[in-house]
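Across the two complexes that follow, subunit A remains constant while its partner is subunit B and subsequently subunit C.
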Partner chain A sequence: MEEVRIGVYVCWCGTNIAKMVDVEDVTRKIGALPGVVISKNYKYMCSDPGQELIANDIREHKLNRVVVAACSPRIHELTFRKALEKAGLNAYLFEMANIREQDSWVHDNREEATRKALDLVAAAISRVRHHEPLDKRSVSINSATVVIGGGIAGMSAALEIANAGKQVYLIEKSDKLGGLVNHFDLTYPYLYDAGSMLELLIRRTTCHPNVKVYLNTVIREVHGFIGNFETTLHAGTRKAEKLEFGNIIVATGLKPFDASRVHQYGYGRLPDVITSVEFENMLHTGEVLTKAGKIPQNIAIIHCVGSRNPGFHEYCSRTCCMVALKFANQLRSLLPDANIYDLYADMRAFGKGCEELYTTTSRKKITFMMFDQQEELPQIIKSVVPDDPPMLIFFREKISGIGVEVPADMVILMVGVEAHPDVKEIAHAVGISICGNSFFIEKHPKLDPVATTTGGVYIVGACQGPKGISDAVCQAKAAAARVLGTINQSSVHVEVTTAVVNESLCCGCQTCNLVCPYTAIRFDKDKKVSYVNEVLCKGCGTCGSTCPTGAIRSKHFTDQQILSQIDGLLTMALKQE
Partner chain B sequence: MNRIDPNLTRDLRKFGIRDWNDCYHCGTCTATCPLTAQGFLFPRKEIRLMQMGLKGPISTSVEPWLCYYCGECSERCPRKANPGELMMSLRRYLTSLYDWTGLSGKFYTSKIWELGFIIFFALLVILAFILILPPLDTTLTDQGGVKINSFAPPDLVEYFDWAMAFLVASLLVSNIFRMYLRVIWTGTKQRISLVEHVREFWHLVFNFSVQPKFSKCEDRSYWLYHWLLMSGYTIMFILIVVFLPWFQTENIFPAWHPQRVLGYYATIGLLVGLGAAIIGRIRKKEIKFEFSHVSDWLFLIMLSLTVITGILIHIFRVNGMPWATYISYIAHMAILVPMILIEVPFSKWSHLAYRPFAVYFARLKKSTMHQSR
Partner chain C sequence: MEFKPTIVAFLCNWCSYTGADLAGTSRVKYKPNVRIIRVMCSGRVDPTFIFKSFREGADGVLICGCHPGDCHYQEGNYKCLRRYKLMKKYIEQMGIESDRLKLEWISASEGKQFAELIDSMTARILELGPSKIKQVVDTLAV
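What follows is the complex of A and B.
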């Protein structure tokens, strides 16, 4: 084994580190440790001159390991790895000691903080001796894409990719495209016709030469990894068809909440209590009538049915308030003399055109009233007094604190949205996670909102969380851009710090298969051992720590590396005692 | 249970309410109001009741009368919903609710009814003068003044004054009783003891004579103007109803004589108060004067005309101009009589009773709040 030559660089981070840690002292003491060839400190190691310093020393002093004591590796590990590569050294022969977040920022005793810095740097030096060079790997990309779900988001994503000249397979569970938007009459806030918009999109999708639509079809299992997926389509009794593709876009949407669960509203018991979906159909036919065929004179709209209530769903379904305002507008045009009551929990009118919709609606003789969504839901009862409207809604009006009754011939329940019952199967099939509300989880809520932790799998539309049409389409197009970007590269880099199974030590217990969050480990039935698909593996280390025989080794996080890091920490600490 | 009635707002519109839906209940108005207090929150609460059309709670509420319309709330309202004007309109509405004859509602919501009533009684007065007029005596007194008592015998006029005062007072008292029934009987859960009624009574007297609540509004000048107007009117009222034979005299007293001093004070008080209100309503600089209901203008115009004709009677009499004096006298009465008949029991002027009684009732209600605590 070649001689280990370590270069150590202590960063001041301006005064962030230097004011609490005696960087000169650390530099001097560390320089005396075995294997340390050179030990320096500098005002800003991450700056260009700082990086230049490392690169020059590597060339000049023939360094083959580098330690930087600075901030969190989350911030600058990549920066220094690149500096190593520039000087011709493998990026993984590097270790960072965090003496800012874990030291100077959180302590107020300079002497103690300096001691801690020494411990941390010594640990990093001890670890870096055992680092091995790791090589970057890449896989080729199949340019076809599967889109699961033929709603407005799925179609938008499919069309975007197809227009770029790439093949798309659009898989829809039901017998027609369009999803939930099929039930809508007009859209908010501009009251555009949903039907004509959808029809156009469906025609474009079905006629597109690059889009192949599979109706009445489901996917149960997906094999492979980014760039190289494969699946079998299940379509009733028809012969199963095999597909190969490089990326997956999940656009399975959500379904309306089941209003009969809120017993106070009597949905299913009282004939003229209807859901917003049923009312949309009524508006679509142009006939707003009670079950008895009469024109309603008192119409109440109740918001937040199934939403924002711990008994049902805690989340806001996000679109219902605006749909309710849209209803109020449409009702006012259809029935100019009717009494329209809007019972809301909170009026949520964010976004372009929405507050304006509220303002215009509030001027149309609509009685807005607030109820307490958490404590006291309104009660709808059948009226027993003759000549009274058939239903009475009782509730405590929240702004005035007064108990009131609202007469009604028709009650529209603004039902929220919730996950499809088969959401777990979809998540399992494509290898993504679901949150407590059964929405798919994105890779990062702010910085990577359409990707998932599984490479090549994207989530768009309401299946990621309740949202309106505009937002769903935005996500669809964003995911399409991500997919096209990957296809354009023709190959993608994959994680190198993966896990490896030592076949001679593996006992075939398959514990690792169960714990892997990325379904990257499978069992080889012939050899009776588990093996890691290195493309799917993200190097989280869960399998390595679970393996009872120690057969799994996590690259860059080997037992030897971690133990010697601890060793270095304790040795230096003892020495300082 | 309180039933929501969207049509109530349609009716309230006639009493001067504009766009009640502009309010989004931030509560700035109530926070700004120098008069609102625990247990008697306004104006936001009243706006809410109005938006929902809750006639029951509105009709039993005393709060509109506790507002003196300084306009601070409307000034600060971020939605320009004019809470002050909404309170003003509610006072008109409540006046019509208290009135059992139903005339108040008619006068507030119909110009034809209001003007018709005024013209009818004005003509009636003129007719009465023509029919029962004694032979005109155009000769002058020794001092050179008009012999006014020969034209309108003071004892006769005083009988008429007493009759009218009795009529107007009984109407007003019966309406106050109806207000009491609503606010205290229907609007309060607990019964209030007679002792409590007696103990709190001095609030009624105190508020009637000084209007201390009005003076809590930020701009105190209006309290002063209002007080001058009110005290001037009260003095004149007492002089005319109680002391008419002494006040309506053919003697021309020296300038320092109480008959003249009191008369001049009352006239100046009335003129200053009226002037401030009229100028304010024309300039529309303060929010409280921005919106004028027909009843607001009618009251100001009629009272001004009454004062002007009164001054003319005095000038013409002292300067020995019999015809001018008599014509002024008829005009004075033709304006005064319908004004008193319409304003005191049915319209704007009824606030002279409703406001102090509201403070009294509020004190009574408050005593039950303490008990329940």
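What follows is the complex of A and C.
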């Protein structure tokens, strides 16, 4: 075996790491470990000069292993692997020690954090000695794309890809395209007509020669990997259809919060307490009337229903404040003399044209009042006085601290949004994760906001988090660009960290065949050994931990590599005592 | 000398490692005694890894995987669970208190829960005191 020559690089990450970890101390102590030829620290290892530093050292000092102690490998492993490749070293002869997310950011004792960093770097050094070069594997990309969800985001993504001349299969669960926007009358902040906008988009989508729309259809399972997915569509009694495609865009949207969960508001009990979605429909008909068919004289709008309250959802649903202002405007036009009350928790009017909408609305004789969303929600009760408006809203006005009574003929509840109940099924089908609020998790909130940790799967629109139409369409087009980029390359590199069987050690017990979730391991009856289909293997390593003879190796996560990591971790710790 | 326990933790790449990263990005503080090793799936955690950790002086071993039903590899976490239950019994027979080995489900969004888990496990290991198994094996090996 050639001599192992390791270069170790400790990143300051500005002050992010350097403030809590003594990077000089780590660099010095680590430099003394066997096999370490050079150890350095630098302000930002991920920067161009940082990567250059590594590349130069690889050439100059004939390094054949590299360890970077910096942030999470989930962020920059790929960056450094590329730097190695540029310097002519195989990308897998690299290991990262996570001393930021799992050290400097979570501890407040510098001595302990430094000690931990030392252990983690020592473990990485110990592990990297046993790394071996792995050959890249590339797969061809099927140029068709599946878009799940036919709302405004899904259609926008589908059209963008279809316009570039690529096939799109648009899968919609319900019996029509358009999703939640179907229920909207006008859109904020410019009060454009949602219906005509949507109609145009639906027409373009359904007429496009490259888009095949499947209504009343769901996807239960997706097999394969980036570039080579396949699924069977289920559509009621129709014969199941098989699709093959290279990328997936998930655009499943969200659903309005169930207002009856907030008991104080009496939704479902009081006939003229309605949700914002119901009110949109009412506006669409052009007639705003109470259940009794009367024109309301006192109308109250209540914000944050189901949002920003630990009892329901802690997050802000992001669009309701502006929709409420839109309602106030529309109401004022329809009913010039009515009393309009806007009961808000905080007026959130960020973004282009929104604060302006608030300003213009506030000049239209709308009574804005603030309540405390965290402490005390308003109470709506039935009025007992015969000629009074049928409802009374009691609450403490937050700024003045005074108890207020608001009469109302109609109350509009600005319901928040929440994830669909079937997100888990979708997440499972396409292999992505959901956050605590049941929205899909993006690969990186800032640097890669529409990708997911699963290659070839993208998330757009409100299924990723509450957002308005503009943002949803932006994401849709961003994802479409990502998909088209992949298709344009015609092939992509995929992880090569699959399992491999050493035939001379395999005893033919077939335990691995049983535990493999992807039926990637088959048994060769002639040779009486198991073998791995690398295309199907996703590298979970479950077979490796089951094999009684150690015949199966999980590449890049071999027993030897992990055992050495444990060794490095604990022996360094002991030496310090 | 003050006892500073060392806990070796095996975290699956998709849920738990991401959850631990989230604790970092959210700046949630926890005890510095844990040393994390990333595996692709909790199903990859070979019993050897656990024995090796105890053998080399770990005072506790933690395995974290995706919640049931959420495994990135469909069911690796169930396989881990089965193995874990056997191992709990096994380490006890070897003279290692079974509380020194722990399996918990941590999702990618549970940074806070991860921090709490590390604190509570560290507290439990402190109660148990240093693991004696390394010393015993070293003595026997001579």
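Structural remarks
Everything below uses one rule, namely that the second predicted complex is superposed on the first by the 364 of 577 C-alpha atoms of A that agree within 3 Å, B and C clash if a C-alpha of one lies under 4 Å from a C-alpha of the other, contacts with A are read in each partner's own complex, and residues count from 1 in each chain.
To be clear about the criterion, contacts are C-beta pairs under 8 Å (C-beta built on N, C-alpha and C of every residue); 3 or more make two chains touch, one makes a residue touch a chain.
Since the structure is predicted, the reported quantities are computational estimates derived from the model, not experimental observations.
Once chain A of one complex is fitted onto chain A of the other, the partner contacts of A:K365 are limited to subunit B, with no touch recorded for subunit C.
Residue contacts after overlaying the shared chain place A:E112 against subunit C, while subunit B stays out of touching range. In the superposition on chain A, contact of A:V404 is made with subunit B only, not with subunit C. Of the two partner chains placed around the shared chain by superposition, subunit B is the only one that A:Y341 touches, whereas subunit C remains out of contact. By the document's definition of touching, of the two partners only subunit C reaches A:C435; subunit B does not.
In the superposed model, A:F394 lies in contact with subunit B only, and not with subunit C.
Legend: residue contacts after superposition of the two complexes on their common chain; A:D559 is shown touching subunit C, with no touch to subunit B. Taking subunit A as the reference chain, the count of touched residues is higher for C when subunit B and subunit C are set side by side. The interface of subunit A with subunit B does not overlap its interface with subunit C at any residue. Residues 72-74, 98, 100-103, 105-109, 112-113, 115-116, 119-120, 123, 424, 427-428, 431, 433-436, 441, 453, 497, 515, 517, 538-542, 544-546, 554, 557, 559, 562-563, 565-567, 569-571, 573-574, 577 of subunit A are the ones that touch subunit C when the two sit in their complex.
Of all residues in subunit C, those touching subunit A in their complex are 1, 6, 8, 13-15, 17-18, 20-21, 23-25, 27-30, 32, 35-41, 43-49, 52-53, 56-58, 69-70, 72-76, 79, 83, 107-110, 115. Per the touch definition, subunit A reaches subunit B in the complex via residues 339, 341, 362-363, 365, 367-369, 394, 397, 399-400, 402-407. Against subunit A, in their complex, subunit B makes its touches with residues 1-4, 6-7, 19, 21, 25, 45, 48-49, 51-54, 57.
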